[in-house]
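The next part holds the structures, each set out as structure tokens.
After this come two complexes, each holding chain A, first together with chain B and then together with chain C.
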Partner chain A sequence: MFEARGLMVFYENMLALNNVSVACGADQIIGVFGANSAGKSTLMYTLSGIMLDIQKKEEMAGGERITMRGEIIYNGRDMMRLKPSERAKAGIVLCPERRRIFPESTVLENLMIGAYLADSRRTAQTLEYVFTIFAPLKRLSKRLGGFLSGGEQQMLAIGRALMAQPKQLLLDEPLLGLSPVVQYLLVKSIKEIRDQRNTAIIVSEQYARPVMPIIDYGYILENGASVVAGTNRELMDNPDVRSAYFGS
Partner chain B sequence: MEIVIYGIINSITLTLMALGFSLVYGVSRLPNFAHGALYVLTGYLAWLLLNRVGLYYPLAIIGALALTGIIGAAMYYFVLVRIRGMPISEIIASYAIGLAILEGLRWGGLKGGTFTLPPFIEGSTQLFGVSVDYQRLIVVAAGLLLIGGLWLFVSKTKLGLALKGIAQDERAALTLGIDSDRMAVVSMALGSVLAGIAALVLFPLGSIVVEAGYQVLIMAVAVCIVGGLGSWNGAILASFLIGFAQILTVSFIATHFQVVVALVAIVVTLISRPSGLFGRQKELEERV
Partner chain C sequence: MAETTQDRRKERLDRGIKVRTDSVYAISHWQEMTYMLAPRLVFILGLLALPLILSFFPYWQRVISIVCIYALLAVGFDFLANHVGLVSLGGGFYVGVGAYMAALLNLKFGLPPVVTVPIATFAGGVFCTLLFLPCLPLRGVYFAIVSLMFPLLAGRVIEALDIFGGTDGLLGVESFGNPWVERYLLIGSVLVAVFVLRRLLIEDVGLVFRGVKDNDQAVKASAINITVYKALGVYFASTLGCLGGACLTHIYMWAGLSQFALDYSIIPIAATVVGGGGTLIGSVLGCLILVPISEMLRDFGTLRIAVYALILTAFIVYKSEGLMNYGARKYEQFERWVRI
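Then we have the complex of A and B:
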């Protein structure tokens, strides 16, 4: 059980997350939807601990002062003050927005860097799994990450995150800028990952429609606050959500 | 023929001087301006261990390298970690440490040609009709071994791959459980050891002098700027460009223009191609 309660994040005086609570059970897929700047990435960075690093860097450079409040509990353990590397060790792995592939490493090397936390037996086993669900990567394994198409990069980013042996995977806008066909394939793989790897997943997206069928529960963020929450059926039946996110 | 052979030797010498600097910058975006000081310090430590402590030469070398690695790691751990992300402060602080080490050594009596390390193997040989002493061949061998070893390290070992990851995209590496501060300590230690190895194979060719520290720093910076900061391939290519340019200058113009070559190379690169030969700016933009 992964749970965040009452998360508040301030950039100086601007409220980026306003009292957001999110919960994800051990076998669930949770959706977080919202427009640009609604706070999706801030939420993902806060959950994965990257926000602590951003906070430190801003402080060093004399930039924005970032303040965080609230609590993040994972299997009964308080995560709020843990560094991102410690959270990754605990099983919380973020697949960041815009993929952030290592452009000068080959596909295989990207995956091997992802396996930093895994022992050699798990590495071999996960590598085989990644090449099964994302078959194109096997063919491209010698190509540089920077020379992949958007869809291939996204497969690589998710594969790389899998190599870190996540128990709670955070996917930040995995469908951004991809064609509907690729989006459909990725959504299918995300469900497979949950079913076959016993991995809980929180996925954020700007457009709810492609992801909606596979989620167990969803939250809708607006201006940093969670305004609607519910199961996918409830969300799809909600008239406000329908008009804002499904265009009907 | 002489130009070719001495050009290669000089180029590999430059590669050796620059590898450590390039590695640290590539991994942690930290311009380590104490690089030259660490270079001289290793030479001096080896001399101390050899002549004052009376260790066996190979042991003295290992001891000096280990000490330099620890000093480099400590530099990061105690000083540089506090000013991460502020490039100007990083330069000032690391240069200050370097200056303190170098001038401290000078004040402590390190001057003149009295401090020398013995060559690993005495004597010289003929190579295509050019006489080359064994120590210079060892320099070439050490350079090639280091380049090969480093390549193996960053592409086959977990630690090396993690260093490579953090050098390319720190935030992505953080999400995978790689700790940036720990990697920075590792890279500083490794970079210092590389500076030390360069010192130990190069000092037997002359004597241990404080000025070498400043010269090595200039050369390392020149090579890295021409090759593109943070790019390892670029650094090697740039070493060969500058290395041959220097040897040609020496044979056709005059010996004392050697350093000028490096400085001119910096200026020309900054004017014509500011990110260097293999600079990473705008080369591989992400595709959305």
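Then we have the complex of A and C:
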């Protein structure tokens, strides 16, 4: 059980997250939807601990002061003050927005970097699994990451996150800028990952329609606050949500 | 309920007087006028008063002149690195070109300093810019490496070809005559350089410069020739360096290989880091701190470099914004605890 309660994040005097609570059960897929600047990425960075890193960098450069408050509990353990690397060790792995693959390493090297935490037996097994669900990567395994198409890069990014043996995967806008066909394939793979790897997943998206069928529970963020929450049925029946996030 | 530290956060707000000064009040009330002018006047008058304050210590008056030469280089470096996006290590080359040009004009044509300094400044700038032209498509660390090559190369070429006096250098260059001319020429140049460049940066051309730094492809896509702007940036920076070099020649009445020394490339960078990158005035402030320290450490020989490295490391690790950015924030904003 992964749970964040009352998260508040300030960028200087701007409130980026206002009292947001998110919970994700051990075998659930949770959706987080919202427009640009609603706070999706801030939420993902806070959950994965990257925000601590950003906070430190800003502080050293004399930039924005970032204030965080609230609690993040994972299997009864308080995560709020843990570094991103320690959270990854505990099983919380972020697949960042805009993919952030290593463009000058090959596909295989990219995946092996993700496997830093795993032993060799699990690495081999996970590698095989990644090549099964993302079949194009196997063919391209010698190619440099920078030369992949957008969809292949996203597969690589999710694959790299899987190599770290996540128990709680955080996917930040995995469908950004991809064609509907690729979006459909990726959404199918995300569901497979949950079913076959027993991985809980939190996925954030701007446009809810492709992801909505696979989620168990969803949150709608607006201006940093969680305004609506519910199961996918409840969300789809809500007229405000329909008009704002389904375009109909 | 007891208030814990978790319930509070520190808030940063602009001071009321800063907000008023940014608007029309700036020219209508003495408080706002003082708020706006005080830091500028402290800088200008302070710099102008330094030689007078130190008039009983002629040695330190000379140090102030050296400070100004480094300050010219540092302002050029700061401008080029933080506003045009070219990290130039060519400071030694600019100084050397200015120095040799002024010395040659003085010795071969018998021109007085009042003529040689302006010619060496502007022609030297053109000369440096032309030599740098082929390197301008490079960015980041590649430009830094190539620009570092110039001062190293120039010294070796003069040595190998035995031109311009070879390793002995050019002796017998005319001095400025009156030491006050030397002092105030340099201080005036630093002030003019800082305020002209600051003005330039808020003009349209400054917008393009910053665009070239942030995303040169987007600037190209706006039908702007970025090479022209990069060359213009290098011209400003090298002109300042050549001015420093020309003055240096007339101060020491000598031009030699040591004017291509890497000190002129490295110390301006250190000064910019200490003073605060991007502020221009900060780099002058950095020179005012670092160069006198360097003079005081002269007895320790090359250990100076170690002290420099320590200062630089400490600033990068603990205050990477630099003095000027830190000071400006304290001057313009205040902080207070607020409940969340």
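Side notes on the structure shown:
Just so it is clear, the second predicted complex is superposed on the first by the 248 of 248 C-alpha atoms of A that agree within 3 Å, B and C clash if a C-alpha of one lies under 4 Å from a C-alpha of the other, contacts with A are read in each partner's own complex, and residues count from 1 in each chain.
Assume a contact is a pair of C-beta atoms (placed from the backbone, for glycine too) under 8 Å apart; a residue touches a chain by one contact, two chains touch by 3 or more.
Computed from a prediction, not measured in an experiment: that's the story for all the values here.
Once the complexes are laid over each other on chain A, chain B and chain C cannot both fit and instead clash.
With both structures placed on the common chain, the touch criterion links A:G150 to chain B but leaves chain C unconnected. When the two structures are aligned on the shared chain, A:G6 is found in touch with neither chain B nor chain C. Of the two partner chains placed by superposition, A:G25 touches none, neither chain B nor chain C.
Touched residues of chain A, counted separately for chain B and chain C, are more numerous for B.
Legend: residue contacts after superposition of the two complexes on their common chain; A:P180 is shown touching neither chain B nor chain C.
By the touch criterion defined above, A:R69 lies against chain C but remains apart from chain B after alignment on the C-alpha atoms of chain A. When both complexes are overlaid on chain A, the residue A:I101 reaches chain B alone and has no touch with chain C.
In the superposed model, A:M60 lies in contact with both chain B and chain C. When the shared chain is aligned, chain B comes close enough to touch A:A164, but chain C does not.
For chain B, the stretch among 38-46, 56-64 or 92-100 that collides with chain C in the superposed model is 92-100. In the three-chain superposition model, chain A touches both chain B and chain C at residues 60-61. If you check the complex, the residues on chain A that touch chain B are 48-50, 53, 57, 60-61, 83-85, 88-89, 93-96, 98-105, 109, 112-117, 144, 146-150, 153, 160-161, 163-164, 176-177. For chain C in complex with chain A, the touching residues are 6, 9-13, 317-321, 325-326, 329, 340. Those residues of chain B that touch chain A in the shared complex are 83-86, 155, 158, 161-162, 164-165, 168-169, 171-180, 280, 284, 286-288. By the touch criterion stated above, chain A contacts chain C in their complex at residues 8, 10, 12-13, 60-63, 65, 67, 69.
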